[in-house]
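What follows is a pair of complexes built around chain A, which joins chain B in one and chain C in the other.
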Partner chain A sequence: MNRFFTQRRDRLLTYQAMREGKITSTRRAPCPRCGEESSALDWSRSRQVCPRCGYHSPIGAYYRLSMILDPGSFQELEEKLEPADPLGFPGYAEKLSGLEEETGLRDAAVAAVGRVQEQKAVFVVLDSRFLMGSMGTVVGEKVARAAEYADRHKLPLVTFAASGGARMQEGIFSLMQMAKTAAVITRFQARGGLYVSCFTHPTTGGVTASFASLGDIMLAEPGALIGFAGPRVIEQTIGEKLPEGFQRAEYLLDHGFLDQIVPRDRWRAVLGQLLALHEREGWHL
Partner chain B sequence: MSKHTPEEKVKIARNPGRPGTADFIDALFTDFFEQRGDRQCREDGSILGGIARFHGRAVTVLGHRKGKNLEENLHCNFGMPGPEGYRKAQRLMRQAEKFSRPIITFVDTPGAYPGKEAEERGQGEAIAQCLALMSSLTVPVIAVITGEGGSGGALALAVANRVLMLEHAVYSVLSPEGFASILWKDASRSGEACSVMKLTAQDLRRGGIVQGVLKEPEGGAHTDWEAVFRTVDAALKKELAALSKLKGPALAQQRYQMFRAMGQNLSPAGREEP
Partner chain C sequence: MLKRVLIANRGEIALRVIRACRELDIETVAVYSTADENALHAQLATKALCVGPARAADSYLNQDAILTAARVTGCDAVHPGYGFLSENPDFADRCVEAGLRYIGPPGDVIRKMGSKAAARTLAQSAGVPVVPGSDGPLKSIRQAKALAEQVGYPVLLKASAGGGGRGMRQVDGPKDLEGAFKAAQAEAIACFGDGEMYLEKLVLNPRHIEFQIIADTQGHVVHLGERDCSIQRRRQKLIEESPSKALTPRLREEMGTAAVAAARAAGYVGAGTIEFVLAPDGQFYFIEMNTRIQVEHPVTELVTGVDLVREQLRVAAGLPLSFAQEDVRVSGHAIECRINAEDPEQDFRPCPGRTEFLHLPGGPGVRVDTALYPGYEVSPFYDSLVAKVLVCAPTRLEAVRRMRRSLEELVIEGYPTNSALAHLIMHSPEFVKGQYDTGFLDKNLDQLLELARTCDKLSAGGSAE
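And then the complex of A and B:
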């Protein structure tokens, strides 16, 4: 790959990552969990993990990719996919363009091909700043196309989920993305593809109930809320308060739904190890 | 085709007098042998299923069960399955695959149960596995949405070669109440939600989400069960005959492509290869 393009892509990634990580800001910000203030510099040094209590705060998709991928290896896939408004839902189009301006994203997912410790893989990362990372047709289509790309090129697939579930504004078309992503991932896996699914805070609803729960390997960040129904809905349904730690990554690990919990600064090492362990003839890492 | 508003249709779809999965099984099938349990920890009454004959042919039939009176409602958890229900469904569908039996499902649920134990035992995983399994089956699968098709809990039994819908049934990403409370923080605006959600059989047929709309008697399915049974029986017979002409891999491929295409045409930009 031409060095000029490599550098240009890296600059773009760094720009997006800075924008998301607020690396340049000098203000102090309180932790949403423990309430303790830390300087923006400390937050960024710890990759947006609270330096006091270890709370893993949600981060943007490009920022996450920038800290996982080998420098110069990032190539975005399907970046031109744009959301549609199949229901003609009042106010949705304006909301989308406002969010694009605010986040630089066209929808709630970024797909890319890149390398982790020299090993090539396809990534889909959801971004909770964009309508809670909800899955509409673009998120579903990106997951599907990423899995198809991985299948064609015999590469592993890694997803990072962060999602409130199906995108309400796209109605039934969002629901169908659950069936679509599950179908494409299942086919990819049946043909020998490795799928690593990583949950980040928070992931609920239709994303938990589709592709994100189908990983050959299932991982999560510490403290991530992971569930089908959200805690408020459950509390309303059963009429009682949920215990501390309910639906958190540690709880899911105890109940057998995760392989491991991976702190943010360990993703590169863990993914690198997993990809290396799956190196096989005919599959390019 | 219909003079009812979407909001009225939601009411008709939820009418407890409509025939449910148990009624359809009684009326349309013979030799029903019920299969219970997920073989892991529990029997979930909200999913009813087993082996039966449909016009002489052995099939696997299953669906959501709401129950007809309070006692039954409680036993069936008002048609809201937990993970055990979806795992039972998977067990039945795997057997159908093994013994080359077509699968017929009846969909009628407000949604999967949002409870504590359901989460503890992996509600999301159970639904995801249903979707994954159904997407790759090599037997004919026909789903009939008979009442409420609520959210992922309904979709989990509706990844079919043909998805049919009764005329006044509804199928949506979430209940109108849930939709209104998420988007407008006000569940009382559910009527407004009904009209923007495009949840009627007619809208869904136009959107390519369902492949057939089955006519109901004047006023709704609850007014004349026999008429509904005749319509559903004829439709199932026709679809099953058509699907039976396809070989296993072609059935899997047809279903795969149908769901793969959903929402694809909405995304304007084409494929790219870096």
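And then the complex of A and C:
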């Protein structure tokens, strides 16, 4: 039938849902990219992807894992690791406890073992709500221990990066995490381990410059900013205008740094398929 | 009986008259402006004549042209509909002078009821309660003060020549009276060149209740129950229903008797409406009489089974009413929603346009009075009313539900309408309970529009499950 009746039905069903309280909130949030407002319900239905322009807004680590893993297969690793304040950085301890209260996270990474479409793997997911997902000792140690766990159990390793880089409040200790994670992942790969690295918006600094760029397979979410220094810093330094889409996932794909761009609703399918394809004897038990 | 009736109107009311005439085997002559060549009334009448250019003043208000049209087509009566010439006493007189029957009351009655002061005096003389206030123009501010004390604050100061809210002030207490009086008077002089002022008691949170009456030339006057027209925006009615939830049988009897008394005192003939305000305490006051058929007359037709336009035609032909007061039975409940080509989001600005698609509701208990058809161009020159959706059902709640589904079926594409707003009102708890007064829309409009906006945006994304 014609579109007028379709529009009419959509409207009526939406109204009914609003009346029945299925849409409890008429609160609307604007998209940071296109500026269009969408309701909380629409944002959650689309997994925090803007229904208008497809902007992939950052999401929490547990939420991402719940979207990807087979139900009931989630098992957290190293959940007791806690950040220290090795430098006695002013205000850092208060900031950590405040963020723990606010987000329920102990630090910016969650490590877990679970299954994606029956394929068992080890995961590390960074959470940008916690100090911009910056890598301090806990994040570095979680990545390292997850890689060692994967090595021990002959499982593939999957990381989701979302980070502002090394954590300045931990100074040299966070910079050391770059070398540590790079070393442990290189050893893991040399012994035949599969490492899938996934970039989400934004991944910059020390995380890009260490484990995140070492994947055997490199994936990213659409529109993710991936780089070391941010575009504004580069522009100011070199005094030149940067090309359109510079440091965006699509640009990096065109220039051979990425293997594939995966929209949020496709992660489960793509990861499941990749892990199944790379299954080999003695691994993925 | 009449042979050929000229319909000095357009739109759905012209169609309504054409239909009643056809059923009585009376020929119809439609008049139309150049903008209305393709309008349905010009197509469905036995004969149609162009009476002038698009501007109403040059066509539908052009008495000479309309009377000439009636003469050359050999009409024996003129139906004025509502609006346009329907309450113009001179036109009624000129029809009679031209040897035509005017379907409505005599010119003198229209004239008398058209003057607020005269209508008020007449109602008082018939023992009908009027809003307490000054009986004549106020002579001084002191007199205004004394009167305000007597009827009680808040009061309303009104210029006798006033209209559209100009020369009008609400006064809540004695200390504001003097300033308000001067301001209103100055405004009245500036706008109307007449500083004559009245004062009356302001009824807070009133309901707008009107009684349909019909009278024949034999002296029978009958009332057909009330209509509650409290859902209005700036005096523009949006939803009407009958019977009103605010009336007890005793109050209905009392008000009906008062309405008949007022009509009788006026020497009324034909269909008319007596308007009251009803205070929350059950006290009612006469405000005015409409000496014509009204937009919302089908509400009464649905609950009484009386064809009002048919009775109008019978009365004009000199026949007695086909029923007496004791034959009138109000049964069930009827609701009308007026659908206007207007944009509620832009302060209800009229939005004429081409009707790209049209689907009208149907099924049991549903009536739609409209002059729309697919492809019809709604003209910017006239009223924005495009359809009246009416329902009737045995109980009020069933009627509300029927109206909801009717508005859900209604599809008018090509220009914005207020139908979504009406649909939301049908779900408003206050409306569903019948607990509303004339302040309902002012109070709830923003919230309803916000709801409509949210709903629109959500469904525009195609995200409804």
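Simple rule for what comes next: the second predicted complex is superposed on the first by the 255 of 285 C-alpha atoms of A that agree within 3 Å, B and C clash if a C-alpha of one lies under 4 Å from a C-alpha of the other, contacts with A are read in each partner's own complex, and residues count from 1 in each chain.
Please note the rule applied: a residue touches a chain if its C-beta (ideal position, glycine included) is under 8 Å from a C-beta of that chain, and two chains touch if they have at least 3 such contacts.
The structure presented is a predicted model; accordingly, all values stated were derived computationally and were not measured.
Colleague: Output check: A:Pro51 vs chain B and chain C. Expected answer is one of first, second, both, neither. What do you get?
Modeller: second
Colleague: Please indicate which partner A:Arg191 is in contact with in the superposed arrangement: first for chain B, second for chain C, both, or neither.
Modeller: neither
Colleague: Check whether A:Phe211 is in contact with chain B, with chain C, with both or with neither, and answer first, second, both or neither.
Modeller: A:Phe211 sits against chain B, while chain C stays out of touch.
Colleague: Which of the two partners, first being chain B and second being chain C, lies in contact with A:Glu37: first, second, both, or neither?
Modeller: Once the two structures are laid over each other on A, A:Glu37 reaches chain C alone.
Colleague: Quick one: name whichever of chain B and chain C touches more residues of chain A.
Modeller: After superposing on chain A, more of chain A is contacted by B.
Colleague: Per the contact definition in the header, classify A:Arg280: touching chain B only (first), chain C only (second), both, or neither.
Modeller: After superposing on A, A:Arg280 lies clear of both chain B and chain C.
Colleague: Looking at A:Lys241 after the superposition, I want to know if it touches chain B, chain C, both of them or none. Which is it: first, second, both, neither?
Modeller: So A:Lys241 meets neither chain B nor chain C here.
Colleague: If you stack the two complexes on chain A, which partner ends up touching A:Gly227: first (chain B), second (chain C), both, or neither?
Modeller: A:Gly227 sits against chain B, while chain C stays out of touch.
Colleague: Would you please give the residues of chain A that touch chain B in one complex and also touch chain C in the other complex?
Modeller: Common to the two interfaces on chain A: nothing.
Colleague: Mind pulling up the chain A residues that touch chain B in the complex?
Modeller: Going by the criterion above, the answer is residues 75-84, 86-87, 89-90, 113, 136-138, 140-141, 144-145, 149, 166, 168-180, 182-187, 190, 204-206, 208-214, 226-229, 233-234, 237-238, 242, 246-247, 255-257.
Colleague: Of all residues in chain B, which touch chain A in the complex?
Modeller: Residues of chain B touching chain A: 112-116, 118-125, 127-129, 131-132, 134-136, 151-152, 155-156, 159, 171-174, 178-179, 182-183, 196-199, 204, 207, 209, 255-256, 259-260, 262-264, 266-269, 271-274.
Colleague: Could you list, by residue number, the parts of chain A that touch chain C in their complex?
Modeller: For chain A paired with chain C, touching residues are 2, 4-5, 7-15, 17-19, 23, 26, 28, 37-39, 41-42, 45-46, 51-52.
Colleague: For chain C, which residues count as touching chain A in their complex?
Modeller: Interface residues on chain C, with respect to chain A: 357, 359, 408, 411, 413, 420, 423, 427, 450-451, 454-459, 461-465.
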